[in-house]
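Presented below are the structures under discussion, each in the form of structure tokens.
Two complexes, one shared chain (chain A), two partners (chain B, chain C).
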Partner chain A sequence: MSALAVQFEGVGKTYPHFTLDDINLELPTGSIMGFIGANGAGKSTTLRILMGLVHQDRGAVHVLGCEMPAQQAVAKRDIGFVSEDMRLYGAATLAWHMDFIRSIFPSWDQAYAETLLKRFDLKAEQKLKKVSHGQRVKAALLLALARRPRLLVLDEPTTGLDPVARHEVLHALMEALTDERRTILFSSQNTLDVEQISDQITFIDRGRIIDSADKETFLERWRRLRLDVPPAVTLPSLPGVVETTSSGRLAVVTMNGYEPSMAEVYHAAGVTVQAVDSMTLEEIFVVNVHNRRERSVA
Partner chain B sequence: MNTTIVKQLILKDWHFLRGPIIGYLAGGAVALLLICTGSEGGFFAGLVLLITVLIAVGIHLAMTTVVGERKEQTLPFVMSLPISYMEYTTAKILANLLIFLIPWSAILLAALALFTIGNAGGIIPFMVLVVTYLFTAYTLLLAVAIVSESQSWAIGAMVFGNLFLQAFFYGITHDPGIASKMKGHVAVWSPTAVTILVVEIVLILLLLGGTFFFQARKKDFI
Partner chain C sequence: MHSDLVLSKSDGRPMYLQIMEQIKQRVAVGDWPRGEEIPSIRQLAVALSVSVITVKRAYLELEREGVIVTQHGKGSTVATDPSLEPRLYDQELDQHLDQAVRLGGLLGLAIEDLESRLHDAAGRWNQSTTTEEEES
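Presenting the complex of A and B:
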């Protein structure tokens, strides 16, 4: 089995008003990657290219050892895909959908499907046109999970869900990971969801990947420093400073690649470090995007 | 070609359409009974109903199974299955043709049987040309719906097919080789009638081939 479940090499796709450019992405087997981006950042296009549903104009995509899009039918035997804009057949019941998927996937696990049915509080005999958005998402997730895929690709599955439904969905995803061979790629605008379940994080903005690393590295690397800068002192220039805001003597510096020795550099320059704060994933994402957009304007 | 999944997709479309198809079959049966009453009014009323039923079947099929799949956002679900887009196209075309051909062939065969038994075989070439035209117009609608996946384009194809039907009617009912034999007891296939039938069949094949040709060149599927 390949060590990489997903590999994008220099992938691009050009539309009249949007370009996905030079996407390089590696997802090791058994990991969960949170794919974070604002609306229109290119998350769905990337995931559709991964599924073979959109053909890239340039670059190479390999999924579970299959070249995409040429071998998509083979690759999709082991992929469970759920997207926010995916709908099931409203005129049919969930039981019909379960039978339909079972007829296609020999790996279908009926016992697990029934467990999920109870956990998600779904009624198999109810027609899907009569259920809420949250129930529909959970039904789609059940159909994807119970086929026991090696790779789960989830495009904003928690968008529009109430807190309880979101918790249930995230719980099911975490449980799905008890099988270490299973890999999940999970796109979302909600950094809190991603932070809860992911071990790899990738930020995408305006069609380009702007940062990608494991979650711990992300959280360790980014710090916000509150500094007291006396009037006669100039703030030393340090590598990794992404944003600096000042108000009187107080300066707030946001750093990517913080190391404790940097506090000593400030101290030596006559600057007092009042606090070194950790940042949430959302703060990191917002600063990252903001910084990149400012640089592209400059 | 993954025949198992193609078969499942055909069965899926049949599952959702079997009710309406039975309704259309009933409509076709009523149309044939009207045609067989022997009166001129019954003939025209039955003919109009027959044409309406076949047009309605075609529209229902293409709009539900192709355009509706995109409009109702069930296409991502189908395309998440282990299937290539060409297999999806094959499944859609086969499902549509098979389901359309159930009422189409039932109506055609019943008409042929009734006209033969009723000693009105002269009408058979006219009837065959009309129902084959409807099959051709349906194939055009299906091809446009699959390639464009657009409701507007599908409606355009439907309007074109129905407008051309008027011209088609005018043409065959004013052709001496066809019109003069319509009231006869025996079917007479004039060279014009045979040519029209061959053109219809060739058009059907070209439309189906063209659908695969354009689908193979698509790059975005959802």
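Presenting the complex of A and C:
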């Protein structure tokens, strides 16, 4: 088995008003990647290319060892895909859909499907056009999860879910990873969800990947420092500083690539480091995107 | 082994530190006995609904500190090292002292001020324990 479940090399796609460019991604088998981006950043386009639903103009895509889009029919037997605009038959019930999927995919796990039915608080006999958006999302997730696919590709799986449902969905995703041959790639605007369960994190903005690393590295690299800068002292410029704001003597420096030795540099310059705070993924994402956009304007 | 760790999102500390601390507590009180097998990284990650990589980091640091032992392909066990518990308290004390120094810095206190506050605290503690004894 390939060590990489997903591999993108220099992938691009040009539309009249949007360009996805130079997408390089590597997702090791057995891990879970959270894909974070603002609206229109290119998350869904990337996932569609991965699924062979959109064909890239340039670059190579390999999924579960298959070349995409050429070998998509083979790859898709082992991929479960759920997206926002997924069409289920409104006139049919969830039970009908479950039978349908079971008839196509031999890997279908009926016992697990029934467990998820209870945990997701779904009614199998209800027609899908009568149910809420959240119920429909959960139904689509159930249909994908119960196939026990080797790769789950989920476009915004938690958007529009209430807190209880979100908790159940995140737990079901982690549960799928009990088997270390399985891999998950999911996009989300909810950085808390991503921060909680992802091993790998990728930020995308305006059609380009702006950062991709394992979560612990990500969180470890970013720090916000609160500094006391006496009037006669100039703040030394250090590498990796992304943002500096100051009011009076107090300055707040946000940096990517913090190391403890930096506190000594500040100290030597006469600056007191009052606090070194770690940042949430959301704070990191916002600063990162903001900074990139400002630089592209300048 | 049943894992009943509880992680808090409003706790400002990174998730891996919370996991480490709770495992240390369970080891310190003997809930996770010395030499016994503990949940695998993946099992604990699934049970807590947190990333495998986060639990992996907690286990690596715990191994470095000598709290657990990980054997490749065999999973992890609590270390049999007898000096385990005092060291856990040592570390906890260091963490509290670090916090005290940090807060002292924020309040503009000198080290001597902190020392005298520590003596005051010791006085309060002695008094409270003697009163308890008198009452009982």
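Going forward, the second predicted complex is superposed on the first by the 298 of 298 C-alpha atoms of A that agree within 3 Å, B and C clash if a C-alpha of one lies under 4 Å from a C-alpha of the other, contacts with A are read in each partner's own complex, and residues count from 1 in each chain.
Everything that follows uses one rule, which is that a contact is a pair of C-beta atoms (placed from the backbone, for glycine too) under 8 Å apart; a residue touches a chain by one contact, two chains touch by 3 or more.
Treat the numbers as computed from the prediction; the structure is a model and nothing was measured.
Trainee: Look at A:T244 in the shared chain and tell me whether it touches chain B only, chain C only, both, or neither; answer first, second, both or neither.
Mentor: A:T244 sits against neither chain B nor chain C.
Trainee: Tell me which partner A:Q126 touches in the superposition: chain B (first), chain C (second), both or neither.
Mentor: After superposing on A, A:Q126 lies clear of both chain B and chain C.
Trainee: So, does A:I32 touch the first partner chain B, the second partner chain C, both, or neither?
Mentor: second
Trainee: Let me test your reading of the model: by the given contact rule, A:N291 touches which partner, first (chain B), second (chain C), both or neither?
Mentor: In the superposed model, A:N291 contacts neither chain B nor chain C.
Trainee: I'd like to know which partner A:H55 touches here: chain B for first, chain C for second, both or neither.
Mentor: first
Trainee: Which chain, chain B or chain C, is in touch with more residues of chain A?
Mentor: B
Trainee: Check chain A for residues that touch chain B in one structure and chain C in the other, and list them.
Mentor: Touching chain B and chain C on chain A: no residues.
Trainee: Show me the residue ranges of chain B that touch chain A in the complex, using the header's touch definition.
Mentor: For chain B paired with chain A, touching residues are 2, 4-5, 8, 12, 15-16, 72-74, 76-77, 79-84, 87, 219-222.
Trainee: Please output the residues of chain A touching chain B within their complex, sorted ascending.
Mentor: Within the complex, chain A contacts chain B at residues 48, 51-55, 57, 72-77, 79-83, 85-92, 96, 100, 103-105, 140, 144.
Trainee: Spell out the residues on chain C that touch chain A in their complex, using ranges where they run on.
Mentor: Touch residues, chain C against chain A: 9, 12-16, 42-43, 45-46, 49-54, 57, 102, 105-106.
Trainee: Taking the complex as given, what residues does chain A use to touch chain C?
Mentor: Contacts found on chain A: 30-32, 167, 170-171, 174-175, 177-178, 180, 192, 196-200, 214-216, 219, 272, 274-275, 277-278.
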